[in-house]
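Two complexes, one shared chain (chain A), two partners (chain B, chain C).
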Partner chain A sequence: MNITRVDLKKVWVPGLLLIILVLLATLSLYASAYTVILLTSILMYIVLTVSWVIFSGPTGYISLAPAAFFGVGIYTSAILGKELPLPIVIFIGGLASFCLALLVGALTLRLRGIYFAIFTFGLVELIKHLLLWYEINMTGTRGRFVIVVDNNTIYYVMFIILVILLLTAYFIRRSKFGLALRSIGEYEDAAAHTGVNVNALKTITFAVSAVFVGAAGAIMATRWTYIDPYIAFNPLFSFMPVLMAIFGGMGQFYGPILGAAIFAYLEEILLTKFPYYYMLIFGTILVVTILYLPEGLVGLVQKLRRRISGGKRAHT
Partner chain B sequence: MIVTILDIVIAGLLLGGLYALIAMGLSLQYGVARVLNISHGEFIMLGALTTWTLYTAFGINPLVCLAICGPVAFLLGFIIHRTLFKRLLTSSASPGIFESNSMLASFGLMFIIQNIALIAWGPEIRGYSYLAFPVNLAGALFGANRLVTLGFAVVIGLAFYLFLARTRMGKAIRAAAQDPVTAGLMGVNINNVLALCFGFGAAMAGIAGMLISMCYPVHGVMGLEYTIIAIIVVVLGGLGSIPGSFIGGFILGLIGSIVTYFEPGLALAAYYAIFILLLLVRPTGIMGK
Partner chain C sequence: MRILEGEGVTKYFGGLAAVSNVDFNVDQGEVVGLIGPNGAGKTTLFNLISGALVPKPGATKFKGENITGLKPHQICKMGVARTFQSVKVFANMPVLENVLLGSLFGTSNSVSSADAAREATGLLEFVGLSAVRATPAKDLTLANQKRLEVARALATKPEILLLDELMAGLNPTEVAQAMELVTRIRDKGITIFMIEHVMKAIMSICDRIIVLHHGKKIAEGTPQEIAVSRTVIEVYLGE
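Right, the complex of A and B next:
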């Protein structure tokens, strides 16, 4: 009885994943143009959230830097988009974010807890204001135009970024690096004493997670056609991944994906018509989640499942 | 030349008084209640918009609004701590986890308060003119409203300092800031003290909002900007040090006015640069231990 159930699960999960992947990969063949745009936004939020969780999930360091990496990607696309082919622009966007994250990671090694969060937040604002000043005083213009790419291409690039990201996140989670990262989150000094190279691991993981955010920014910029520092370095791109990850729950691999997908969809249907109500709902759900669902949606699902299976066991 | 320097210094002090008041409120909330309250600026916004409504709709003197904004913000802060943060405090495993959780919860609060205000007041930028006549100060002209703002900030700062230093309640607050567990064992009603501190912080934000509305245009999304300034000043003065925040406010005001004199576009960038450098070089701030 038990053996068949395990076997079933082994077929179930990869099978379902495969179906979803195939459905997403062939989306442009059957879906409307609107669906493609909608799914691009959803995938973008999943990319932002999952890459945030790679570093911040296991270590517990709350990074508010995603907006900086996203903005770097956006500006890479705006500056180089006209001269270089798209794949190279996206690659450079990721690389530039990687370098920035390496620098930030190396600078902030001593900062712990809440200091790290406010440092990364200040970083986004610093870059934004320096860039704004530079644009107004040096180039004399504010903002730039970005080359236009058709929506299907944007969607597929985002899809490829997401697939690579999910594979990376999965392998980090299952490897000894994931274990070492979790040990940093549990007790950093103890992790250092047991032979984990804390500094190198933190910096590299932070930088790797930034690559995907930068790449996502580089491709999303082509959809907006016009960007300026306020659009590119919008702190909401830092807040959203944090909130989506917490809402989904970081205990399981699928939690952040679920949280991001739900919120991205909510945003799509509510934001244009009722922006204030959307943000109000957003804030309320965040507070309620932190208070009553510290494990997020995933925790809720597990609790329900345990209650059901626990009930069964009690009867036999 | 000397007049110019005086000009810059006075402008810096006028700005600094406001910063000091805002930062002291946050310092109290972080230093004692351990909540890095990202929604601090929203209380400022509420104070500012309430004052605007009371003045333009009912003709109530903004300075009288002090008696309304302060207590109402205090009550709001007190209730929020009693319900939200107290629950979080008991459910968090360690102080570090509480700090992260409470910061994230205050993000949620920021979105809630900000958007309720946007629904109630709309996104328009508002302002009114009150005491806007110029006063000659050492050869330079300054608005009377700004001088009143500075006066209020200094008086409130000093009054609060005396409250902390001289009264029994102040002693309890200082004890709770040093070691909440031991303070609780010594008979300090710790939940009450933490909620009081959070309320006082909110009250200072509300009063600061009222003062800001006299000098600057106000609108629903102004909060975050002031929250960030408060965080910078609190880090500058040393996280949790109330005198540090008071002095830090004036220092940042002076820096702002000096940078504005040379290159107006770089004032905010300069704040962030100082902030980031401070965190890297001396995260405990000027008065921190």
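Right, the complex of A and C next:
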């Protein structure tokens, strides 16, 4: 009985994944412009959430820096977008975020728990205000215009970023470094005394996860056409990945993906259908999730599955 | 050959000298005990050796090489492994993965995952935890968690193993099993430096004992010498 279940899982999980990938890859052929735009935002949130989970999931270091990396990507696009071709701009956006994360990581990953969270959040505000000061005093204008790219291109770039990210996240999770990251989350001292170079591993993983956030920022900027430091370094982009990851549940690989997809879709629906009650309903859903589903949607799925298989066993 | 040496090892916490000007050495193949009343600085001395803390002033040497100021992971890779007084197992990870981490990261040469798995499995058998290899470490008894820490430390292929109160909190049967485990580790050719309060264990296993009190080394000698030493008896029992 066990063997058949494992076999089934081996077939339908990759199968389902393939179908979803093909559907997403051919989206522009059959979907409306609105769907493409909606899916771009959903994919963006999945990118933010999954890259957040690469580092913060196993280690338990709550990073509130995604908005900083996202903003760096956005500004890369705003500054270089007119001079360089799009793929290079996106690459530089990722690279800039990588460098910033490397610097921040090297400086701050000795901070633990709440101190790390507060520092990373401070980073977002610091860069925002530095940039604001620079723009007003040096360039004389607060905002910038970004070159326009058509919606299908934005969608496909985001899709490619997501695919690369998912592969990266999957391999990190499965590799020995995934094991080491989890051991850091469990007992950092013990991990160090077992031969793990904790500071190097944390810093590099943090930086790798920032690449995708920066790249996503660089492409999203082209959709917004006008940006200023308040738009680019919006702290919401730091909180959303955390909430989405908790909502989805971090126990399984698919949890954060599911969480981000449903959450992002929910946000869109609520915002368009119930603009007045949007925040109220959103907040209620969040509170209920945290109270009753501490393991997120993944926990719910597992609970249901256990109930079903438990029922089966009771009958035989 | 001297495998581990300390010269004038000192550590201040604020104004308090937790370890003060301690000289010590451990020879290859020896079992050396480190005893002393609570707060004597035994665990601090272990932390100074393993790199969790850095002596100031003073120096620690491993096989004649200065390891003062190296990071814990570097010292571990060189061949110094340790366990912790308050067990620090990776609670939510399965027993096997706890040990696997040591096999994968604890040595200076890279290990294939198949070799690491084989090694970890073998070590679980060595410490007697094969039956619970898939159990999360938090669900083990204290005695088994301590065994798991030993297996994890052994997975890093150490030449010297620092055992910090392996037997504290165990019942008499478990103490006997732990003593037997220590002798088997010694028989593998691994040098042992152990902090212990269980006198029966210390007296029967150790070749040599070092006594700390208020951060200072007050006595050193064979178990027989320590058992009759006036200074040691005064420290433990009062005058």
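The rule is simple: the second predicted complex is superposed on the first by the 306 of 316 C-alpha atoms of A that agree within 3 Å, B and C clash if a C-alpha of one lies under 4 Å from a C-alpha of the other, contacts with A are read in each partner's own complex, and residues count from 1 in each chain.
Throughout what follows, contacts are C-beta pairs under 8 Å (C-beta built on N, C-alpha and C of every residue); 3 or more make two chains touch, one makes a residue touch a chain.
Being a predicted model, the structure only gives us computed values, none of them experimental.
Annotation: superposed three-chain arrangement on chain A; chain B versus chain C shows no clash, the two fitting side by side. Measured by the number of chain A residues touched, the leading partner among chain B and chain C is B.
Contacts of A:294 after superposition: chain B is touched, whereas chain C is not reached. In the superposition on chain A, contact of A:187 is made with chain C only, not with chain B. Of the two partner chains, chain B is the only one touched by A:284; chain C is not.
Superposing both complexes on chain A places the Cα centres of chain B and chain C at an angle of 80° as seen from the Cα centre of chain A, in steps of 10. Of the two partner chains placed by the overlay, only chain B lies in contact with A:126; chain C stays clear of it. Residue contacts after overlaying the shared chain place A:196 against chain C, while chain B stays out of touching range. Of the two partner chains placed by superposition, A:30 touches none, neither chain B nor chain C. After overlaying the two complexes on the shared chain, residue contacts for A:111 are found with chain B alone; chain C is out of touch. Put simply, chain B and chain C get as close as 12 Å, counting only Cα atoms, in the superposed view.
Applying the stated touch rule to the two superposed structures, the chain B and chain C interfaces on chain A have no residue in common. Residues 50-52, 71-73, 76-77, 81-82, 84, 88-93, 97, 100-102, 104-107, 113, 116, 152-153, 155-156 of chain C are the ones touching chain A in the complex.
For chain A in complex with chain B, the touching residues are 60, 62, 107-108, 110-111, 113-115, 117-119, 121-123, 125-126, 129-130, 132-133, 136-137, 235, 239, 242-243, 246, 276-277, 279-280, 282-287, 290-291, 294.
Interface residues of chain B, counted against chain A in their complex, comprise 36, 84, 87-88, 91, 96, 99-101, 103-105, 107-112, 114-116, 118-119, 224, 228, 231-232, 235, 263, 265-266, 268-269, 272-273, 275-276, 279-280, 283. Within the complex, the chain A residues that touch chain C are 176, 179-180, 182-183, 186-187, 189-198.
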